[in-house]
Amino acid sequence: MGKLYDLLMKDYRLKEGLNACINCGTCTAICPAAEFYRYDPRRIVDIVQSKDDEEIEKLLKSDTIWYCGECMSCVTRCPRKNAAGLIIMSLRNLSIELGYFIESEKGRQQYLLTKDLCSNILDYGYCVYPRRFDYAGHPEAGRVWEWEEKHLDDVFERLGGNLDGKGPGAMRRIPQEDLEQIRNIFDITGATERMENVRKAGEKKAAELGMTVEEFSEMVYKQSDPKHLNH
Amino acid sequence: MIYEGKQKIWSEYQKEIPDDHYFYVRSCIRQSFFPASEATFLDITRNKLGKDIFETEHHTTCGGIAYHSDTIPQETVMTIIARQFALMAKNGYENYVCSCITSFGLYCETMETWREFPELEAKIRENLWKSCKLEFAKPKFLIHASDLIYKYRKLIAAQAVRKLVNVHTGEPLKVVEHIGCHYSKMFPSKGVGGAEYPYVLVGMIEAWGGEIVDYPERRHCCGFGFRQYFIKGNRGYSLSNTHKKFESMEPFKPDLIITNCPGCPYFLDRWQYVIAESTGKTYGQDGHGIPALTYEEVAGLVMGYDPWDLGLQTHQVGVEPLLDKMGVEYDPAKKYLGKNGKDIGAPAPCSCLK
Amino acid sequence: MKNNILIIGGGPAGLEASAQLQRMGYNVILIEKDSVLGGHLAKWDRLFPDGVPADEVLSGLIHGTEGVKLFTETEIRAINRLEKSYNVRLTNGITVLSDAVLIASGFDLFNAVKKEEYGYGIYDRVITNADLEAYFKNGSDKRIDHPKRIGFVHCVGSRDEKSGCRSCSKVCCATAVKQAIEVKESFPDAEVFCFYMDLRLFGRHYEDLYLKAQKEYGVRFIRGRVAEVSENIDGSLVIKAEDTVASKPLKATMDLLVLMSGMRPSVSGKAVGDLLEMTVEEDGYFAVRSGIAAGQRSPLPGLFLAGAATGPKTLPETLADARAAAVEIDRYLTEIFPDARNYKQLVRERW
Amino acid sequence: MTPLYQFLAAQAEVPEVIDRIPSGYSHFVIPFTIGITFFLCWIGVGCVRLLAAIPRNDRIRFWKSLFIPKTIVKNLKDLFGDCLFHLKIWQRKPLLGYMHSAIAFGWFMIIVLGHIEVALFVPARLNVSRGGLFYPIFYRYFVWMNPGHTTLKGSFFFFLMDFFLLYILTGIGLAVFKRFRSIVLGMRHTTKPSLADRIALYSLWLIFPLRLLAESFTADLSGGSFLTVGVNHFWHFLFGDKLMFLPFWWAYSISLGLFFVAMPFSRYMHILTEVLWILLRNAGIKPHHPRKGVAEAEIYACSSCGLCLDACPMNVQKKNLKYSSVYFIRFLRRHNEKKINAIADKCLMCDKCHALCPVGVDAPALRRAQRITVNNSLPYDYSYLPSAVSAGQLSGPGRVHPRFAAAEYGLSPAADPAGAQKPEVLYFAGCMTHLTPRIIKAVEKVFKAAGVEYAFADREGGICCGRPLMLAGKTEAAAKVIEANKKMIEESGCTTLVLSCPICYKIFREEYHLEGIKVVHYTQFINDLIASGRLPVSKSDEKIVYHDPCELGRGCNVYFEPRAALDQVGTLVKAAKEYDESICCGGSLGSLTLDTRDRAKISESSLDNLLANSPETIVTACPLCLKTFSEAVSNSKHKYIRVTVKDFAEVICR
Amino acid sequence: MVDFGFGLVPSSRMNLDLFDKEKYEELAEIEPDVRICMACGSCTAVCTAGKYTRTSLREAIEDIKNAKPEKALEMLRACQLCGKCSMVCPRGINTRHLILSITKVYSAK
């Protein structure tokens, strides 16, 4: 008993976030995800503190742990100084490490997220990079973004930005040596390895489903089963 | 609502904000969507307030968005942060000012975790040395850029050319504040005014003549949720959270929303557009939306910056009704011009939102 | 020779102990920092579980103290520990040479302002249990205006590490149920909700009170801590909690919200304790010699404790504790104290 | 002046009886004629309407039954036994039985004899057009008796008429007395009469005394026997020769008329409806609706005698009197929907009122029929049932349920599927038994001791038997549950089904129709084991009282077997009331609305009843009774301190 | 109207303001025991139907009080009225009648 729990306990976020939950429900009461998904953070904390490996494994393979938006509103209110949000983060971390994330529809999204966000960081030094933020994939970015996207250089110049420019400023081109350092950090701290593993797991899943990587990505990006929601 | 009660709480959460010599790090989202806000911030601090604020081209993202999307390990993000701290130290600064709330929260969390688990700090130190041959020093003060504007809100008010007042009625504008979740929800003492009644934006609104509106869902998240926005299949969550906030603030008829988080103005703006375009509902007057501005933009407006220099045209919700109320003079024709009056066209009109 | 005994605190514990000791023939000096005796009891209207008027109980207690030297609006200026006694200087200028000191400094009600998310002192219609008692006693409170929906929030400042109190305040559950019934009696049309984490109705007849509240008054009990309170444009309150039994978040609009402020260690009691160099435990209450076997003895010889100074207690528990303290003091003064030669050894053996 | 009869006595050639009034009519007959006409029309229409409301098939069955010799014999037996002699009341309360039979049989005889007299002496008057409707009733007014010619035959009838009149009058006397002092007749509770009841009652009381008065006043003219003539002499002694008799005949007629007008609206309607009800009942027709068709005959057959008041276990508290069957039926007659529902839902369905009813009114069935009308529309979704009962799936050639196949039963289908045996005996514990695991343990111990090879149908828990649904009026839903269980049991291949819960037993016996499977209650099964010597038992001197569970005793008529078995292991003592008079334990599932406190009171009275002869052990054979008694005994009451409550199987196999 | 590929999501937050007090009082009138449930879950633990479905009387009572009677009705459809719950309820709630009453009161339009 408690093998998975022990693995979780290695995570500093769990050490910080779990202090004997009394199931009072303050976290769920104000949780944005609990309102719009079939989700109850209190239950998750309770399962983790039960140290029941079977239940924890179910969690790690489920959609449930992927509903949280990591807004950390739960942290403010907990009377026991728990942090449901941090507990979720360590569960997600373990789910990714063990490759369980690929089992669930929401967990699978890590495939795309890891690919996009990490390459943004490694390629440009930013999490978000406007030239990779396309209106086609983000129709909600509005007509104004549709216009901006077409005239990114002009808009940035007009607004005092420094898109892909030298020296400091908004959206400047970050010098290569700095990007090298970031890449080194990724290598040393396990981020590169994780990217690889997540990529492989995704491609394997795609093959299992008989899909090309593109089809798989398309599905993962758009799919949303109504079962996630309350009706 | 008993104002004195809030004052009492505000008085208990006064964080120390240093006077000068700041090391500035940018926000990925703010740079991408509101580059003028950061530009305005630097201009106000440097040129209007005469402060030393330094930015280095070598700083990068803190990795916070990737971290909160669970794509990189905690160690990775901590080492990136350590690298930022190293850059600060290298350039001789100890007052760390970040533009991003996610970063701010993450820095606070990192420092707290290091404090509690010194072995982790040592590990990160080692990681940083191995990867970048750098050594870091923890900042003496960690502040958010909005803390700085808050600190100088009265000085700004003194230089202001207008107030947050409806010039036609003389009534103060009704302003809704929205604080980024990671500003103080994790560490109430790290934010001006705490977690329940943050004062950082309220202080600005008060100083600049506006009337603060407190509505039931004020504390609720805008719904960004990292992975909940980046993946299209999850965006219903993000949208619904903003929707909840707007439904709650609607009866209060606010003129303006002011935010201190990079993502929030984007979401509070764009989700109004999506709600309008998909359900037909708008929350402002006569089919308009409620402008959701950054605190830099609002500071710029009261200080008399040209609205199109402030980048107000990059909001999907039209700001013209607000500008009219405030008595800001603007040239509608110049709204979508490029640099030096270059005609680069204009966004296609929306079908519902004015 | 009559021994002098100083009792600090004129609440139920101090009154009861002084009455007992007076009857035993000691010379009792009771000091109270307020102008009136009774402590919190003096501010309460009726008592659970059977609704006895607090005044009645209090006047009974005060009546028993005939012969006791009472000093109200009096605090301790300085204390000197002599070999066997305490030389105490009071703020009214009197100096007492006391052979035993009983600290019955009671408790403070948790300052509900500190639970910021509940908005006490900020939202117009959020009150505390004490405010509601005052309303029952005096009959008016501008915040209470024919409420249609009334919520009771249990555990405000109790079982809450954020507000610095891990422990249970013991009396609030029963108080909430009692007040829920009373408020329903005052406003029969109102819907009344109690938000609790656990209903700790441990005492005799307490469970009956709970059943009565459900059955006869239709009070709704929801298991879930209120997480957030906010104010609507019309001044009504929106509360959010999870119904943890249903595992679903909920919200409700309330016209009145009553916060069940818990018990905290008395601040002025702590000041007295500091003068006496008494130890307090992590929870802020005074340490006792042994929680089970010697709950009324402090670690220091000749210093006794009674009532909520050693942790949350119900009124009957406090009174029983005070009587026990009187017996302990009597034993000390008759068995240990008079034997001058062996005093130190006896204290070592029997304290 | 010479009395008329002396004068006429001289005329020997005159016939024995002469029409004193040639027209055969007097105005005083009007009240009676109106009453009886109204009454006859009423019952005529009523019968037609009632029979019309019965489903066609039932009606045909009814007409046919009237010609089946066996039914004819039964009808006659029941009609005389129940309607006239009230044998059922005699059995329980002799004095009350006498009262009822005196009035019913006496009146019946007077009517019959009266008509025979008319037929013998003035046969022409039987014709309706010549006053046949009233003439026989007021015969003594219209005729002159030739005193000189009194034959033995005439005297005989005079005597009989007076005898039965006296017989009735003693009954009436008792009835009047009962009204004021009911306890003397053995009744603790008695019904409260309605207005129509009162009118009918008081007129009924008056009819026969008035008849005596009227006839006695005319006895010197029309003749009479020891009673009427005797009284007549008394009048002459008192008032001389001039007797004004007409007012009494008026009064007599008026009281009769009043009675017949009030009768359809009063409980006395039962006197006639009972006849129809007996015929319908004996034809085997069951009510489908609480008020229509057969039920109408049934509810009007109730005499409101109130025997059910004392029978009802709820009446241990006076406030519950109104829930008794007699009131239920009264409200059914009055169509008081709200009260009907409340009463129907309250009943424990212990069936005691039915068992004790002198006319066999099945009030619990009517209550259930009422529940059906209310609850039948309730939605249910039992789509999960098939998968629930076949959770383990029956498999292999021997079709032995894997759950049944635990090694300890000597079955090993898993290892040897081809050689798998069918379990001869299947034990079904049921929901309630699962809440009292001690019964399961004891039953299995008994099976083991007797070497019974059995399978346990619901070891892991099954579904409900359907009886509770049935009792609640959800017949359709119950059918679904029955279907699912039935399939499982039939597929098990067993030949004997043993049930430890009487609730299950009743419905399995009555509604499951399990072909080729013997359904027995464990008391029966175990008694057989003992009788056949398979189960060795030893007698002790433990004083045992046996509680008859409602569903087992009154419900399934199983009284003998449990007692026979218990007699082998201990010393049976009697309860104050047992067999079909046993008192419900209070835990019955039959009641929908009875609350815990009321139930506790019933349990207490039931316990008191059982403790009449100071037993050491209360034995019952129902999990519900066991649980209820165990809790009641442990709950307080020092008077129960010495008694333990045990299950039947526990006592058999110690 | 534009199709963004996603839309507003229904809220699962129970809103006690939607609680139908009149209906509830009607229920409490015919079966007052509904008031005294303390949500211990004994009924659910022994429930015959609950072994195979999500049926829970405890939850159904909650649902009624939380303004979700339709969920209660749905849940109670599987009930066989076997009465085990009434035997185990520590408060002595007349569960079978309560179930019938809930169905009756809340099914009525």
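Going by the order they are written in, the chains are A, B, C, D and E; count residues from 1 in each one.
Please note the rule applied: a residue touches a chain if its C-beta (ideal position, glycine included) is under 8 Å from a C-beta of that chain, and two chains touch if they have at least 3 such contacts.
Quick caveat: nothing in here was measured; it's all calculated off a predicted structure.
Considering every other chain in turn, the ones in contact with both chain C and chain E prove to be A, B. Within the contact network of the assembly, the step distance from chain B to chain D comes to 2. With centres taken as mean CA coordinates, the chain nearest to the overall protein centre is E.
Note: the chain lying farthest from chain D is B, by mean C-alpha position. Chains A-B form the pair joined by the most contacting C-beta pairs.
Separating the CA-averaged centres of chain A and chain D is a span of 76 Å. Distance between chain A and chain E, defined via averaged C-alpha coordinates, is recorded as 38 Å. Here the CA centre of chain D is 40 Å from the CA centre of chain E.
Chain centres here are Cα averages; for chain B and chain E they lie 46 Å apart.
Among the residues of chain D, none is in touch with two or more other chains. Counting partner chains per residue, chain B shows two or more touched chains at residues 195-196, 219, 232-237, 239-240, 244, 274.
Among all residues of chain A, those that touch two or more other chains are 30, 34-37, 76, 140, 222, 224, 229.
Contact annotation for chain pairs lists A-B, A-C, A-E, B-C, B-E, C-E, D-E, with touch applied as defined. Residues 113, 116-117, 119-124, 228, 230-233, 238 of chain C touch chain B in their complex. Of all residues in chain E, those touching chain C in their complex are 12-17, 19, 21, 28, 32, 35-36, 38-39, 58-59, 62-63, 65-66, 91.
Note for the complex: chain A touches chain C at residues 19, 22-31, 34-35, 40, 42-43, 76-81. Chain contact summary for the complex, chain C toward chain E: residues 191, 193, 199, 210-211, 214-215, 218, 220-221, 223, 240, 243, 245-246, 248-253. Chain E contributes residues 1-9, 11 to its touches with chain B in the complex.
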